[in-house]
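Below, chain A partners chain B and then partners chain C, in two separate complexes.
Now for the complex of A and B:
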């Protein structure tokens, strides 16, 4: 089973480990992510809070190209898969909007004429977490686990974009379970904590890192307080803020003993015994290998 | 055949959209019409006189009134023509207000529609036949279902008028939610002090038969003659013998949650709900007891001096007849488990308003010291969150639960009286003080007792160490608010109780969009229901405070007495009837009838036995379902015969 996959900008730069581990995991689970050709920015750099249709051209172009890609893949479902939760949110919202307003879609399609593209409104946007939950199933994930993550106490961090707004949410916004269920099927321990959707500070990292720091401190302290020794995330921006700013906070003397931040797919790759190079741990600011070695999860003799 | 057509202007209600003069002229051209007139207010005395005069002078035998809905004035005009010797069922109402003028703007089209409707009614009127209303006897006894404050008050008022009333309560004691409250707004009277005299009176009044620990299982029959089956669950303690000595409780080995204290304290399997409970007798809950059949423990029986405990009690079905029924099945509160943003019930010190009542009550689990559930520490600061689950159409209840502003204010005030140096913060959307002395009560809390009010919602509650982090917004200053509280009280909204849903299905009562029982008219028939002879009081129809509930119970009692005081009452004549020759006994009508009024009976024809449908005239409500369902056209409804309806359709088709 092959799925059309939309990467988005971060997956090729900051979050190579997220993309490559996700692709490796998807192959192992027979839900392969195949990168769609000629993708562009999901559109999130333009705000979607106005009703200016210009700003929806980029996402609609992505959707129409994904639709063509699905036809090339054959036997693939009419869905495009994202890894970045910001891309997921943007594409989902725009997809829902143009399906509800055929007149808007017509106007946007007019702008796509130069590219010989027409979007028919026939696609669904899914986050990879949804594929794991709905198409693969937790039991099938558990079956592939060869290296159970014993000793890992994981706080699942959803951030804001996976659960809000209503049109884009992938799970119950108050009591999500998808990441926790994956953690359980990998043999790790789930930490129940209230800060799972506290904002990470988002784009304020560009000019107001004090705002981000104040958020990160709250999140990390609460995670530690509830006994977590690692965090998993599904968004490159959350990952960057939580990872890099912990190092900054340590330099500032605000918070010691940083805890590692993983993409959920990286832990899946480790639990499923996939080659470690897909994880690109060298890109992390807090070295995750230390914890994994301490718990004997990597470097063991087989 | 001489038909009179009377068109009402209803002030400007009708005449603004319908050219009434044209309708009158048009009616004159229709067959059999002997008179056609217009008047400003047909329902007023001069309007009725106009009709009466014509009946006399022009010898009319049918009357058509084109005015408002028949639900408004059909009885008025029926009485008027009956006065002059016409059969009331020869009246036809054409609704040109609700169905024409109020829903259309275009006067030309409105006039045209009114004309066609008048024409179709003239055609129908020609085929209408006089009908006889049947009279039935009345059982001079009422049934009240549910014994909270609404049911108690209704039963007392019916009994006070000298009639017998049976009061059925699901739980082991009467008193309902009011018995759980510590104090009441806006006077801060002790709830038990004002309720218990009424409860005692219920136990003492010879006109009241109280059946507690029982549920109404089945109701058949009709106004004046309801046949009711009540299932009384075994109490395992003989009420008359129990002396309330409490010897049985210490020996009982089973400890369970006490529902009266909102599960915040323990009780035994043998218990009394609360000290003032009526009936004043202990009870064994068979679900909690180690085992009754087969008997496992029996320690309570061994110590019971008066030999009040009887393990051989069995469920009992009580069958009785009543003339009228009052439903007072009350409310539940919106489940905290649905409120994900407030911890879904997983944060021990986030409690509901009812739990707060028990915690601060001297009769409650902490004997009046406000100690929080998690660690028993005394509480110094409390946050009250209004509208927890109310006024939130996107996620929770769309409606305002009406009493929460006042009960949160009351609780904040009680807290301030208890803990003088404590802090009470109320987060609200709007403060609604629509009751006598309510605004003054709110002012007193805010200004004298220094209860803090913040206009805005709380977005999230987070356990933070041994405190609760409250994150909200102040919408007056546009600032986010974060504060720590020892205890958070959610003013959870009011929803229909399980009992209300159950009894609505037993009685086949109509429910409104939010699941509360629907009144016959929201303003003028607030305690009447879709079923004649069944009345409703209290929170079963929607959120209400105590004064409103008590007044409603009084009206429901009066309306019940209106029926049971009579020796016989008339029932509707427009009921279904079967043409036995056409009926083939297929039974489709039997399944279609929502009132179980149709059965198949044997009939002898040409020496053979055939099955045919038979309508119980007393049970039939004249809904017409069977007439529509019958494949052979064998069932017709008096007053709505197929030939009459076909004549109307034909008239409309000719336009």
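Now for the complex of A and C:
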């Protein structure tokens, strides 16, 4: 089974390990992510204004190109898959909005004429987590595990964008289970913690890192207190804030003993015994290899 | 007790309607339960709480709303939106206040003020997000 996949900007830069581990995992699970051609930035944050159609053009262009890509792939469902939770949310919301407002869609399509594109409102947007839950199934993930993640105690960090708002959520907004179920099927331990969707401070990292730091302290302390030795995320911005700012907080003498941040797909790749290079751990600010070695999860003689 | 201090003339009305127009929300559905402020992770950094801001928008108190840092501290996490018992998209109201300012006031972030080192390191989604929320870009 092949799926049309929209990477978004960060998966090609800071989050290469997220993309490459996800693609490797998707192939191993027969739900292959195939990059769509000629994609553009979705705009990252959706506009919450009623009157700004300009901000909705980029996502619609992506949807129309993805729709063409699905036709090329043959036997693929009318859906485009994302990995970044911000892209996922923006594309899902705009998709729902234009389906509800055909007049807006008509105006946007008029703008797409130059690209010879038209969006018919025929696509669904899905996060890879939804594919793993609904198309692949947790049992089938468990079947592929050759290196169970014994000793890993994982706090699943959803952040805001996987669960908010109604139009974009992939799971119950107050009691999500998809990440935890994946963690269990990899043989790791699930940590039950209340800060799973406490906002990391998001784009404030650009000019108000104090806001981000105060959030990171709360989130990380809570994770450690509940016994976690690692966090998993599904968003390159959450990843950066939690990873890099722990290092900054250590420099400031606020927080000690940082814990590593993984993309959920990196843990899947390790548990499924896929080649380690897909994880690009060299891009991380807190070295995740130390913990993996300590627990004997990598570097074992076969 | 007199309520003379509550004026709701054309100026006030104009501000309230503009915020309603940009956000697409009925500001007057807010019944001041305070759930938005209680659940917001950033309430402690805000000069005015979110529900207070909602009330000031109802009253058309433009200066007081714009002077406060509330809407700039908001990180658009949408927790308030999914929890409001009156089904108001509260985050969209915060966005409308930002938009109102951006449409009529000068920009708050100058790209060139950001150190080169930071620009290289920070994920592009943070930069795009920040510029989209805090500037006219």
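Just so we're on the same page, the second predicted complex is superposed on the first by the 296 of 302 C-alpha atoms of A that agree within 3 Å, B and C clash if a C-alpha of one lies under 4 Å from a C-alpha of the other, contacts with A are read in each partner's own complex, and residues count from 1 in each chain.
In the analysis below, a residue touches a chain if its C-beta (ideal position, glycine included) is under 8 Å from a C-beta of that chain, and two chains touch if they have at least 3 such contacts.
In this text the structure is predicted, and so the values were computed from the model without any measurement.
With the two structures aligned on chain A, chain B clashes with chain C. In the superposition on chain A, A:207 contacts chain C only, with no contact to chain B. By the touch criterion defined above, A:165 reaches chain C but does not reach chain B. Once the two complexes are overlaid on the shared chain, A:215 sits against chain C while remaining clear of chain B. Residue contacts after overlaying the shared chain place A:17 against neither chain B nor chain C. More residues of chain A are touched by C (comparison of chain B with chain C).
With both structures placed on the common chain, the touch criterion links A:59 to neither chain B nor chain C.
In the superposition on chain A, A:194 makes contact with chain B only, not with chain C.
In the superposition on chain A, A:173 makes contact with both chain B and chain C.
In the overlay built on chain A, none of the stretches 97-105, 403-411, 439-447 or 475-483 of chain B clash with chain C except 475-483.
Chain A residues in contact with chain B (one complex) as well as with chain C (other complex) are 166, 173. Taken together, the chain B residues at the contact with chain A in this complex read 340-341, 343-344, 394, 460, 462-465. Contact residues on chain A toward chain B in their complex (touch as defined above): 166, 172-175, 194-195, 222, 225. By the touch criterion given at the top, residues 21-24, 41-42, 45, 73, 75-79, 81-82, 89, 91-92, 95-96, 99, 109, 114, 118, 121-130, 132-134 of chain C touch chain A in their complex. Interface residues of chain A facing chain C in the complex, by the touch rule stated above, are 8-10, 13-15, 41, 43-45, 47-51, 55, 84, 86, 160, 163-166, 173, 197-199, 201-208, 211, 214-215, 218, 236-237, 240, 244.
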